[in-house]
Amino acid sequence: MKRLARASLLGLGGIFVLLAIWTVAARRLGNAILLPVPSALWDGLRETLADGTLVRDVAASLKRVLFGFGLAAATAVPLALAVVSFRPLRQLVLPVLALLRPIPPIAWIPIAILWFGLGDRPSYFVTAVAAFFPVFVSSLAGAAAVEQQHLRAARCMGAGRLALLRFVYLPSALPSVFTGLKVGLGQSWMAVVTAELVAAQSGLGYMIELNRLQLETPRVFVGMLAIAVIGALMTFALGQAEALIFPWRRTEGTT
Amino acid sequence: MSIARESLFSLPGPRADAHLDSPAIRRGAVELRDVSVRFGRPGREVVALGDVSLQFAPGEFVAVLGPSGCGKSTLLNVIAGFERPTAGSILVDGAPVTRPGPDRPVVFQQHSLFPWMTALDNVTFGLRLAGSPTARQQARHYLGLVGLADVADRYPHQLSGGMQQRVGLARALAVEPSVLLMDEPFGALDAQTRILMQEQLLRLWERWRHTVVFVTHDIDEAIFLADRVVVLGLRPNSARGVFTVDLPRPRSREARASGAYQRLYDELFDRIREETLKTFGAGAAVEE
Amino acid sequence: MKTRRTFQLSIAAALVAGALFTLMAPSTAASEGERIKVRIGYATAMHGEIGKVLGKTDIGKKHGLDVQTTFFQYGPPQIEALVSKTLDVSFTSLVPTASYLAKQPGAVTVIAGLGTAAHGLVVPGDSPIKTLSDFKGKTIAVAFGTDSQADLLAALKDAGLGAGAVKLVNVPPNEQPAALEQKLADGVLLRQPQLYKFIQKGAREIRRWPHHLWVIARSDYLAANPGVRQHLVDAIQEAAVYVADNPRQAATWFAEDLRVPAELIEKIAAENPLFGKAKQPEQLSVLVTPELKAFSARRAQEIVEFGLAKARPEFVY
């Protein structure tokens, strides 16, 4: 308990020192656009909470991420399992994916706008692309690392291909799938903000871009803070879910 | 002597048991005809198993003994259906073996239980796949037989090595196999646990008298458990001899002191030592 | 244990000190040599042609300036460059300037007025929309933070289409052609030369406004280099004259940046009253006219009303 108290005290102390240095530097600089004082950020936070725009933008970005991420996870995991299980599929799919994978989600934005127009739909596409590859790669690695003994044991219990996928490959791969999901969610979150910088009418990326055009740096910081906090919360939530679902796995040291 | 096969619950399908006095219906006859398993390219071939022909009668307990690299696990794998022989055929009750199945389950040495399932779920697994409506009850019964009824809801990582092997055994027994295949199942256990497991195995086997093919490198284990012992050698990896164990059942610890036991032990020991010495020279042995 | 802690603390302190030092370092002053260094930004707005000329010719040198030009997409990125002091002078227009002055009064000074070009609201050729009122409930793509947005908002207000009646979507100039061609919005606010380019391609113009063009400079830059303002104004004047005298050459240079045909630029440039008012090119004036000042004052008020800035900007001339 003492250790926890000391750790929290140091952490808070660190934040306090940071704020102090920040305030001093901002006052010395005297340029509210370059570096606003922390109190301006606090004001911006209060205002955007009060007029509901922050909540609205957070909800909009979250919705886009969860939708795109969900889409990606729902396609990537089964595809990874199928690829591990069927050799011809593996030979068909892997080269194509290897070609597409290096393209960063940001680069997909112009195409997404052309294909899907303005509004939410290009964001869904971009967030899905961003999440797809981490989830797929992790799931594939997890499924490929399945213990041969487990496969053999299942087969001599009478498991056919589908039963193997469902009862051996999937549970074996699940820890890796979860790792992939965590990374994918983070990528989706970053991608959605970038996608919203162009042609969106809501969301944290939009909020940042709009305030940037008006040189409202405090609110740009508020947007960035919201992005950081929500991102951390999502990772935390997934981590908790992971601990709940895998009682048999000692997840020491995994974030 | 008739060997009764009991089935405590009847399962749907052709494996529902009936009167079993007639030898023609007794199950689990294993025949290997000129089986070899090779891999690699011609010229750089590795012969895991070379030209093995064996026959096991239904209900026989056969131990397969040999030094490391003699192909005993490969032998088990081809009977199980995990590997296909390069030449020759394996027949169980007259039908060729093409793939693994619940008539020939394997108890492995390690890591064969599904870590994401409880002990009970592991045992239930095969029964569920067979479509049994009373799968869970049956599984509980078999867990009880190996003395693990009260840890049914624990996960494998919460069980000791010996307990895990017992669950593996229960899982294999639950699907009422014709041939029970065991690949050094007690190899990773300490000496005392191993002996207790041997005793428990025999007690369980006495009830149903499946055919058992039991791979081991431990001569004591082979003699204690088996009706016959097949000795495999190195280069070529084929049978060096089949020895009958002429000890009365039920086997007891005292039997280890008998003269017959000692003589058989010495003979097997010499045979295997002869083979093992082959590795203490130039060249590498094949992986099992 | 203890030494590790002190090591970590000293690293942290060093990092913090370094950061503070960089933040508080003074901005680079002009060179002490013969010519005064000036970093000029221009964009796709038509007076960028004049900026381009300054970069391509020796006019700057003749006026004691060491000119370095940078091409931007439009106003707001130039303002950011001014804020971070990586730019000294910018060819832009009212609204971006106002955004800056609303946050930091007096940060920039308007030093020259360069007439007007145009921006217009266009729809695809087959669109059923005929007038501004037809846009009710529809979407218009416009670059936020620019005169285009302010002009549009003013016109919509006049047409009775207040806040929310028409959905405005932020599309920067580079994305506007795609927005029009893919019909991503019902209407797009294009500036010259894209305006003429797409009208030629079949788009229909609903309304057109003059796009006021001026030049601003960082006030602290002007203060740090006494006399540079006059040199700048003279250089800009001469560059404007150059455009009047050599329309084809200037257009060809600017066309490199805009990637439109030089003939189109030449045609649009000729429409700028800056060049038309004087009979002789040399009589051309780049001083800020009273009309422009009056317009800006009105615009300053509207900017706050439309929510483009939180405080009312005071333009400095």
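Here are some notes:
Residue numbering begins at 1 within each chain, and the chains themselves are lettered A, B and C in the order written.
As a working rule, a contact is a pair of C-beta atoms (placed from the backbone, for glycine too) under 8 Å apart; a residue touches a chain by one contact, two chains touch by 3 or more.
Bear in mind that the values here come from a model prediction, so they are computed numbers and not experimental data.
If each chain is drawn as a node and touching chains are joined, the picture is a simple open line. Chain A has the Cα centre that lies closest to the mean of all protein Cα atoms in view.
Annotation: 36 Å between the Cα-based centres of chain A and chain C. One inter-chain figure worth recording: chain A and chain B are separated by 49 Å, centre to centre, where each centre is the mean of the chain's CA atoms. We define each chain's centre as the mean of its Cα atoms; on that basis chain B and chain C are separated by 84 Å. Of all the residues in chain A, the ones that touch chain C in their complex are 21, 24-25, 28-29, 31-35, 110, 113-114, 117-118, 198-201, 206, 209-210, 212-216.
Touching chain A in their complex are the following residues of chain C: 16, 19-20, 23-24, 76, 79-80, 83-84, 99-100, 102-104, 139, 141, 144-145, 167, 169-172, 175, 178-179, 182, 184-185, 308-310. Per the touch definition, chain B reaches chain A in the complex via residues 80-82, 99-102, 104-106, 108, 110-117, 125-126, 129-130, 155-157, 171, 175, 181. Contact residues on chain A toward chain B in their complex (touch as defined above): 147, 149-150, 152-159, 163, 167-168, 171-172, 174, 246-249.
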